[in-house]
Every structure is written in structure tokens, then in C-alpha cells.
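Scroll down for the structure; my scribbles are underneath it.
All chains are identified by letter, namely A, B, C and D, in their written order; residue positions are counted from 1 within each chain.
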Amino acid sequence: MKFASDNNGPVHPKIMEAIVRANEGHVPAYGGDDLSRAAIEKVRDVFEAPEASVFLVPTGTAANALILGSLTKPWETVFCSNFAHIHVDECHAPEAFTGGAKLTPVGESIDKFNAMELRTAISAFSPDNMQQSAHGPVSVTNVTERGTLYSLDEVSEIAEVCRVAGVPLHLDGARFANAAAALGCSAAEMSWKAGVDAVSFGATKNGAMAVEAAVIFDPARAAEFRRRQQRAALVFSKSRYLAAQIDAYLTDGLWLETAGEANRLAALLEAGIEGIEGVEFAFPREANMMFVWMPRFRHRALMEAGAYYYIEAGELQGDDPHEPLLGRLVCDWSVDEAEIAKFADVAQSARP
Amino acid sequence: MKFASDNNGPVHPKIMEAIVRANEGHVPAYGGDDLSRAAIEKVRDVFEAPEASVFLVPTGTAANALILGSLTKPWETVFCSNFAHIHVDECHAPEAFTGGAKLTPVGESIDKFNAMELRTAISAFSPDNMQQSAHGPVSVTNVTERGTLYSLDEVSEIAEVCRVAGVPLHLDGARFANAAAALGCSAAEMSWKAGVDAVSFGATKNGAMAVEAAVIFDPARAAEFRRRQQRAALVFSKSRYLAAQIDAYLTDGLWLETAGEANRLAALLEAGIEGIEGVEFAFPREANMMFVWMPRFRHRALMEAGAYYYIEAGELQGDDPHEPLLGRLVCDWSVDEAEIAKFADVAQSARP
Amino acid sequence: MKFASDNNGPVHPKIMEAIVRANEGHVPAYGGDDLSRAAIEKVRDVFEAPEASVFLVPTGTAANALILGSLTKPWETVFCSNFAHIHVDECHAPEAFTGGAKLTPVGESIDKFNAMELRTAISAFSPDNMQQSAHGPVSVTNVTERGTLYSLDEVSEIAEVCRVAGVPLHLDGARFANAAAALGCSAAEMSWKAGVDAVSFGATKNGAMAVEAAVIFDPARAAEFRRRQQRAALVFSKSRYLAAQIDAYLTDGLWLETAGEANRLAALLEAGIEGIEGVEFAFPREANMMFVWMPRFRHRALMEAGAYYYIEAGELQGDDPHEPLLGRLVCDWSVDEAEIAKFADVAQSARP
Amino acid sequence: MKFASDNNGPVHPKIMEAIVRANEGHVPAYGGDDLSRAAIEKVRDVFEAPEASVFLVPTGTAANALILGSLTKPWETVFCSNFAHIHVDECHAPEAFTGGAKLTPVGESIDKFNAMELRTAISAFSPDNMQQSAHGPVSVTNVTERGTLYSLDEVSEIAEVCRVAGVPLHLDGARFANAAAALGCSAAEMSWKAGVDAVSFGATKNGAMAVEAAVIFDPARAAEFRRRQQRAALVFSKSRYLAAQIDAYLTDGLWLETAGEANRLAALLEAGIEGIEGVEFAFPREANMMFVWMPRFRHRALMEAGAYYYIEAGELQGDDPHEPLLGRLVCDWSVDEAEIAKFADVAQSARP
């Protein structure tokens, strides 16, 4: 009953095999090996973007921060949602990599914002006022930090606001595959076809060991990315082992297969607990992550039975057994259906 | 005949097995797993430093830059050798991680400096002059960037200058194991017993996939390391795979075994080519790396026969077959003795 | 009818005379002259803080950013109001001087926040969560950016929250003198006696040419201020001319005299326009600045008659003569009473 | 006998009068006033550069650091002389304003470098090596930090190397006027006509109170200067008082008059002491500053007689009265000829 995070799961066997397979002989370092070149081509293929600049990095924050660093001047502000990972969970990496830019939350919701809210947020800063922040890139997350989805139309509308304002659009795709699987669309449709200029293309949460691809569709915007990556200490010498992961991840659609499986398992989990008394979903479950209010006594029973997940609001300790606490439940491809059934069972049968 | 770098070789089988073995089930991320805790304990054990702060990062530049960031204020200067990796090969990562510190080369030699040269360099900056750089940490590299060694006495003398000046001493140990094996001393003797305050303890060049340990002996100096690591995008979610590498690396003395083997193979290579007409060593070969002058015609013959290594000075193209060019030759544990013999053979039998 | 800003007015004659008087002979630079030492003593005297560290800088942003730089780590967040000058009007100087800290707005109001709102804002960040911002200093502005005042009690309550949270309290005193004059309290009461740890003590808006004092009550917090000031290019060589300004400003209570006069003139202006049809004050006028809604036709008549001030909300151009626009009106000590009377007259007699 | 620095002298009466004259009425702040616009036009006129971008800042370090910030990426290195003010006397302001660039000393001399030395220094960095520094701007100082001059030909030769390397050329003109007066050339000849792309045009050391102009000939390079200046806290609100200084400084050739006078007085001082036994000039005296070896007993006699200047090498205290110590002597326009005569006299008549 381990539903704490999709980064707690193991590496997918096909990816691990690829790593082991790559472990042969001497090859050039720092991306000069054949496998690294092939992996980058594979990313371009999947995105149907033969000109795109692609860089492999070991963490999602690295992809986000290096892309934002490439797109943002120190006196500009990034526009993002209130709970964007880049804003609240990266310990100022975006500020560090941009040399001191701000992040301005857009709208009132904590998962998504819409085109109109973005237009309002942008128009609060006048380009002629040298004392204020200047306009910087917009960043959306899909799957959002609350487990919901932006539709392609919603992204396109946001992209249109960006176009008018003359600022680029970044997509934090830590769960890109889960979104693509849920929306039933291609990588290209998720990104440049919807007006996205740069993607942090996640793999770690979806079966890889530690690799993400930074994809920038206009190479001119990526001209200095490699220098930024070097000075950020984010260039691997033995690059083949990053490449092997991405290569296997994109071979025979593995990335969509694992994401689809994670989404399916999350739907099972949702089905297993919805309807239980006191269970209420804070957001619609649309991919592989859900936020659910449950009375304290159910959370306690689950924890005692060995469940592992985060309480996002409220304290497990407390007097009132009926007080609702917000739990976050995430599935990756490796979750056991039996564990899901057991979780639902324990939640259901708990008593105050 | 691949002697370009010790980061071109494969992962040692025992380390790869450990990675595969770790690939089981769901475990906490970000260092919260048992294996990560065990690996850190193992580093402390090897260094005989039960209180030391230890952090696992994926690149050598990350270890160097995060440690220097922890030890250096933006208005201080780091003291290092003319050819220190931190000064000439890290694309300003130390400048970035310190927020704008300088690096001041010490002495005239390009591999090492001594205590007297350090004293002179430090005394060029007056602590009372607010316009100049302030005194920052000293950084030595052992094995040096030119393949030579600091003796323990030399390090101790440098440490004494640091103590008097009130500045910490950092050891860039990208090839720490090769130095320890060559000097026949323990990790503790190489570091804190000789007055070193912080070590970038390399593993990647010596058989790991991508992991280095930042070891800071006084935890007070490391109080903010984790925040720095987070904002540098250098915290792995699936931390167990970094831990598995270090754990295997330090089990049953594997780290010294692979380093000793690399040094032995380098000595073989040295023996194979010394005495050949026109072959001259720019620096004594003391560990697993050597810099050797050879006439152009020998380099050409080697390259044509499939050898792969870097020419550090001079151009392979050129008219004069006898012009000496400087080659860099490095061995890791995985080099084949037959390749060494072949290299010596080709070098010997080449004709202008 | 120039009410645009208190930084549009001239230098007070007594301050200009002091500058001219200082223009005699050769004296040491960079603060080594007698006048600089005397001026710093005078600041300490006025603040009844003989141990305080005091630095003279030419702009208010310099004082704010250097103080925040001294009090804030790059991974910490500063807490301030939604419209704090440091947040919206300094083009990321605080971000630059802190090396990438965030600024987190507190509460809902756009001028002030209270102790409870601050407690809530601080508690949103857990000190144990390495991915979030860490707790940094709190910054209040008095007179606020909307022309209102924090009472000494309000400041003390905020200071108590700071004390419990273990974070320092900064006071942006761009209009410190106007606040002190309005509150009828001393510099010490406005600051350390109310729990403030550091003050940006403004003079430029209140009769000086270009000088502000950064006052840090605990010298330990200021240990590196001078290095920061040097690398920020904010140390004057001919320091005597900064010192002469502060010296004259603090002599015979000139600072309170000019501020009191500015406040009195603002009260006159307020009295002159309140009661006019359609005139509504957005905030109580408590010192020398007011924000006032007036119908468009009155603004137009004023502008046509030569008035100079900023429209903060709405556009002077527009069809509806009755639409309310928000104007900002500021008085310094030099404003002519006749101009105030004329302004009130024009506003009153305007016709749609 | 105050020869310590040309920033120890007073403001020239004509400049002080201009400041006082500007102290009339309310005018827009932040450069929006007529006088600021006029001053900038005057700089353009003097430089015969009607399109140049010109910004007024209060310190020389501000002009240098903001210009270098505009011309340099964080991963580039600036090329400058070993003793360049930007390298050894600005407490890392260039590093801070560029976001972490390096400064690479060129050549062996401590005052100047030549075109060939620059070519060698630049060629040590390969543009294709992503681990090294990338090529950044070149910076020369004229008058140099050792009081010598670059001829126009020398600057042009350096500029040609810059052109070939594709990097801009910056001129630190803290003593620009002294150089122009000594070389007998115009501001345009000193700068863009010789291939200089940006100038820190000093005024403070030559009779102003606190103002320098950053002059960038190609406005495209200055597009973000104002944002940089704002976030550096270096924009004055009461800008008229900076403008008044520059305006007066450039009116009726005052800048060349004061500089010529300073040079003349320095020549008098040189003439007064040369030939005295044990007096030896470390560098030719070419403008208003000289470095002179004198036996300790002469320095002591001078200091005892009230002379004020810096000992650059050696200690005033010491046993051997004949040991040579290096003194730095600087004249500004305000030095009294009688003091020069007295200085020569005391130096001459001193006894061991």
C-alpha cells in the first residue's frame, strides 16, 4: 500500500536492462557516444521535431530550472500557478538559475489557471515601467500538481496569450506521459502543436532511474543551454547511462504503456474508495494522482495497516476521529492491484 | 587502445549488480531510504569520521561546487593551482555556486603548489582592504590534474598555512582512490588527519556510474548544504541508485582494488613506452594518468591504429614528423593488458 | 501644483549649505574623513543606539537591498506586504542582493499586514521541508506605500511574531521622518524599541539630495555589510558629500521639521479637496501622501491647469467624464500653500 | 602635501555652482527632467556619438560593473591587465554584475598589455570547449592603474584583436580626461575612433562630486542597461544633481582644463623630486599619477612634515633608513604649487 509518490517505485525492467546492456567497453564521455546521440534523435522523433534542441539531465528540477534559465532574464517574472512545483517545491532553483527572476502566481485556483487569468496577470506589469518586473515566460504543469489535466484547448488558449504578449510558454512535464496517455494525444500535440515552446519531459516518475529531457523547439533559444548545464554541474561524464534510460523509455511506446498503466491503477484506486462514507475528492482524478479527504479514523487505520502516503492538510494526531484530513495518493506502473484492493478494504472497514 | 579518460570506461560489475539489486519495491525518495542511510554510514566508516556530513551527488563538479559554495562568501577568493579543474574545467560552476567568488591561482607550476607559495598568495590580500578579495578556502587536487601526487606531508604543510590564515582546506578527490592506493594510506590519512576540512570523494572515474560523495568533517560547515543541493537541482528523487553505487564501491575495499589496478595498468603502459626514442614524460607518472611528449609520427601511427586519447599540446596535423606533441594517457581498472602491449608496440615500431 | 512625488522637490537650503561648506580641501575618501565619522555618530545619537552599525548609501533601494542581503539567505523568503516597494518597485534588487531569495506577500490588504496574517504566512513554510523556501526576514514600510501608518503597537505585535519565528524585522523607512512626525515618537521608539532590527532610514524624499542610512542595531548582523556595499558599487569615494547631507538633516531636528511641514501641507491639501463631489479617499491620509478617487473631469481640469501627479488606476483618456480615477498626491516640505489652494479650487470648480 | 588620491580633492567651484543652480522647484525624477536629458546630449556631443546610449551613475565601479554586466555572459571571461581596477579593487563587483564571469589577466606587465599578449590570452580558450570559459569582452584602463598611457595606436591594435575574436572592447576611463589631455586627442579619438565599444567616463576624480557616465556606442548593447541599473539600486531619484555635475563638467571644456592642470601639477611634482638621490620612478610619469621609489628616510621625513600619500610596497616602519619604499603620488586640479615645492624640498633635505 505504497501510494506516497511515483518516484518511490522501481526502475522498469526494460530500462534497467538497457542500462546493463550499455555497460560495455570504453566510449566517449559527455554525450559524445553513439547511444547519447541516438537517444536525442529518439526524443526528436517522438516529438516530431527534428530541429529541436534536446538535453538529458538527471532531475526534473534540473530540466525546469535550466529551461527557465534559458528563457528568463533576471529582471523578468515567470508566470505560473499558485502551487507550481517551480514556485513551491524547488527551493529557489528557478531563482538561482535565472539569476534572480521572480515567479508570479496566476489566478486563484491551486492547480490550474486559464487564459483570461493569465492575461490579467501579465497586464499588471507595464513593459515601460523600469521599476517593475518585466514580462517573462509562462509555465504550465500537465498533469498539474493537483492531479488534474489541462486540455489541449486550454493550453492553446494560454499559448495564444503568450504569443500576443511576446513571451515563451514552458510545460513542466514531470508527468507528461500520464497526461498524454489520459488525453490520448501525441507528444507533439501536447507541446508544440498547442503552442508550447519548451518541455521538461519527465521519465523518472514513470519508470526511469534518473533522467529527464529538456526539449526546446527553437534551437536559437537553446544556444547557451549547454554552457548553463556545465556551470550547473549537470553534465554527466558517463552520459551513456542517461541515454540508455531515455532510449528504452521511448522504444516501442514503453513511456505510454507505463503511464497508461499508472493511470489505470489510479482509476482502480479511485473506484475502490469512492463512495466510502466521508471520502471526498478535492480534485477530479484525471491521471495517476488524487487528493482525497477522509476522516481521521480511516487514515489512521490505513497507516496502521502499513499504508504509506502523505497527509497534505491536517494532522494524523488529533482528537476528533471524524475530522477530514487530505491525503495524496499516487500510483506508478508497478503498483500491485492486490494492494489497491487491500487499501480500499481497510479504508472501508475502518471504524472510528 | 582507449586511454582518453577514466570516465570513458564501464561501470564495475559489482557496482552494476548492486544497482540491479536495489531495484526492488517502493522505498522513500530523496535519501529517506535505508540504503541511502547505510551508504552514508559506510562513507563515514571509511573516513573514520562518524560525525562527518556526507552528501551523494552525481558529478564531480557538483561535489566541488557545492562544497566551495558552503565554504566561500561571494567576496572571497578560493586559492588553487593554475590548472585546477575547478578553475579551468568547470565552466564557472564554482563562481555560480559561490555567488561570484574568484579563484586565484597559486604558484607557477601547473600541477601543484607548496605551502610557501600558498602563504605568498594569501598574503597578497589584506583582510582590512575592503576593495580586494577576502581570504577564502584553499583547494588542492590529489591525484593532481597532471597525474602527480601530493604527499601527506605536503598536504599537511598546506593545511598548516590554512590554519594560520583561518581558512578551510578542500580536497578535490576526483581520483582520491588512485591517490590513496599510490600513497598506501587510508582515507582518513589522506584527508582530516592531514588537515583537510572537506573532500570531493570521487567514484565515477573509478568504476561507478555517476556518484561522488561530498564529505565535510565539521557538520557546522555543512548546515546549509542540503538547501544548496536542492536549489542546485542536485537532489535525486530515486536516491537508492546513488546509494547502491557508493555502497558497493566501499564494500570489501573495492574502491582501492579498482584504483590499485588502474595504477598498475598505468605503470605497465609507462614501462611499455619509456625508452622509445623521442618519448619524454612531462611529469612523473605517479598514479593512473601520464602526460607524455612523443614525436608527431608516433602519435599519428597510434591514432591510425585505433588508439584514442587526447593531444594536449600541438596539432596532429603538421609537416614536421619529429615535432613533439603532448599526449595524455589514462587507465581505469578495465583496461586490457593486451591493448597496452599493442600501444607500446605501435609506438615503438612507428616510422617517420 | 506639483504633487507627483516627494522626490521631485529641491534639496533643503540647510542641506545644500552643508554640502557647499564641506567643499574645502583634501580629505580621506571612502568614509575615512571626519565628517563621515561625525555623521554616523549623529545617526547613532538620534536612534539612541551607540552600538548600531550605520552605512550611508545614495538610494532607498540601496539601503533596502543591502540590508535584506545581509539578513537573508538565497533559499529564504522575505515576508512583506502585497505592494511593498521592495516587492513591486525595485526591479528585483532584493532578489539580486540576496542571491535569489523570494518575497512572499502577507495578508490581503495592499498597504499593511497584521501580526496574525504574518503568523499565518510564516506557518505556511515548514522549516523541515528542504524543497520549500526557508523563513527569512519580515519587512514593513512605515509610512506605508499607500500613505497610511503602522502604529507602534502594530509594529511591536509584528516584532513579537518575528521573535517567536526567529527571524529579523526590517523597516523600510523611505518616509521614516513623516511617520515619526505623524506618530509623535522618537526614532528609537519607531525602531528598536518596537522590536525592529534594521532600518532603511530615508532622507532623500524629505529634503536631502541623495542619501539614506542603513541602520542595523546588532553589529553582528552587519559584519559583512561593507563588503556587500563595495561589490554593489555603492561606496562613494568622496564620502564627505553624503555625510554632509545626513549631518545637516539631523542637526537641530531639521528632519522632523521638514517632515512635519510635509505632513501639515498634505493635511491642508486633504482638507482642500475633501467634500468635493465625487472625491473619495482610498486610504486615510495619515502622513504626507494620499490616494484619492475623483471623477475624470476633475482630473482633466487639474492636468490642464498644470497639475502634475500620477493616476494610479484608470486612464485620463476616456469617454465617461464621471468615471472615478485614482490619483496619488504627495507633498514635501517645499510645497507652496498657494498651489494647494489653487489645486483645491480647480478641483472644486471643474465641470464635466 | 596631500597627494594620496585625486578623489580626496574638493568639487570644482563651477560644478558646485551648477549643483546649487539646479536646486530650484519641482522637476520629474529618475532622469525625466530637462537637465538630465541635456546632460546626456552633452556627453553625446563631446563623444561625437549622437546615437550612443549614455547613463549617469555615482561611482566608477558602477559604470564598470554595469557595462561589463551588459557585455558579458556568466560563463565568459573578461580579459584585463593584472592590476586592473576591475580585477583587484572592486570587491568582485564585476563578478556580481555579470552573474559569475571570470576575469583573466593578460600579459606579464602590471600596467598594460599589448595586442600580441591579448591574442595569446584569448587563444588559450577554445570556443568549442564547453568546460572552459567562453570569450568575453576585453577591458583596458587609460590612464592605467600605474599612471602610464596607452597610445591611440596601442588601443587600435588591441581593438583589432577584439574585432577578430568577436568580442567588445571596454575602456575604464576613471582618468579619461587626464589621458585625453596628455595625449592631446578628442573623446572620440580616445574611444570609438580607436575601436572602443563602451567607456566608463570618469568625472569624480577630476572635479565632480560623484558622477560617471557609462557610454555605450551601439545602443543595441545597452538595451537592458536601465533594468540592470534599477536592480543594482543605482538609479537616482533626484537625477538632476548628477546631471548638473556632468553638464558643468563638459561646459566650455572644463573637463580638459582640470585634467590638463592636474597633469601639469604632476609634472611639476615629478620635476621637483627627480634627481634627488635614491629617487627612482617605477613607471614613466605620463599623466597625473606617479609611482616612485624613495629611501625610507625620505618617506619618513615627508610623513612627519604632514605629507599624505600611500606606500604601495614596503613598510614605513623599519630599521634600514636607506631601504627603498614605493610611494604613489597623485595630483588633482586643486593642488597648490606651494605644496609641491614644499614636498620636493622636504624630500631633498631629508637626512637618514
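We adopt the following convention: a residue touches a chain if its C-beta (ideal position, glycine included) is under 8 Å from a C-beta of that chain, and two chains touch if they have at least 3 such contacts.
What you see is a predicted model; the values in this text were computed from it and never measured.
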item	value
Neighbouring chains shared between subunit B and subunit D, ordered by label	A, C
Far-end chain from subunit C, centres as C-alpha averages	B
Intercentroid distance (Cα basis), subunit D paired with subunit A, Å	52
Distance from the mean Cα position of subunit B to that of subunit A, given in whole angstrom	34
Centre-of-Cα separation between subunit C and subunit A, whole angstrom	42
Where subunit B touches two or more other chains, by residue	74-75, 90-92, 95-96, 99-100, 130-131, 227, 230-231, 235
Complex interface listing, subunit C residues touching subunit A	74-75, 88-92, 95-96, 99-103, 130-133
Sites on subunit A touched by subunit D in the complex	73-75, 99-100, 130-131, 134, 224, 226-228, 230-231, 235
Residues of subunit C touching subunit D in the complex	2, 4-5, 7-11, 16, 19-20, 23-29, 57-62, 64-66, 90-93, 95-97, 204-205, 209-210, 227, 230-238, 241, 308, 334
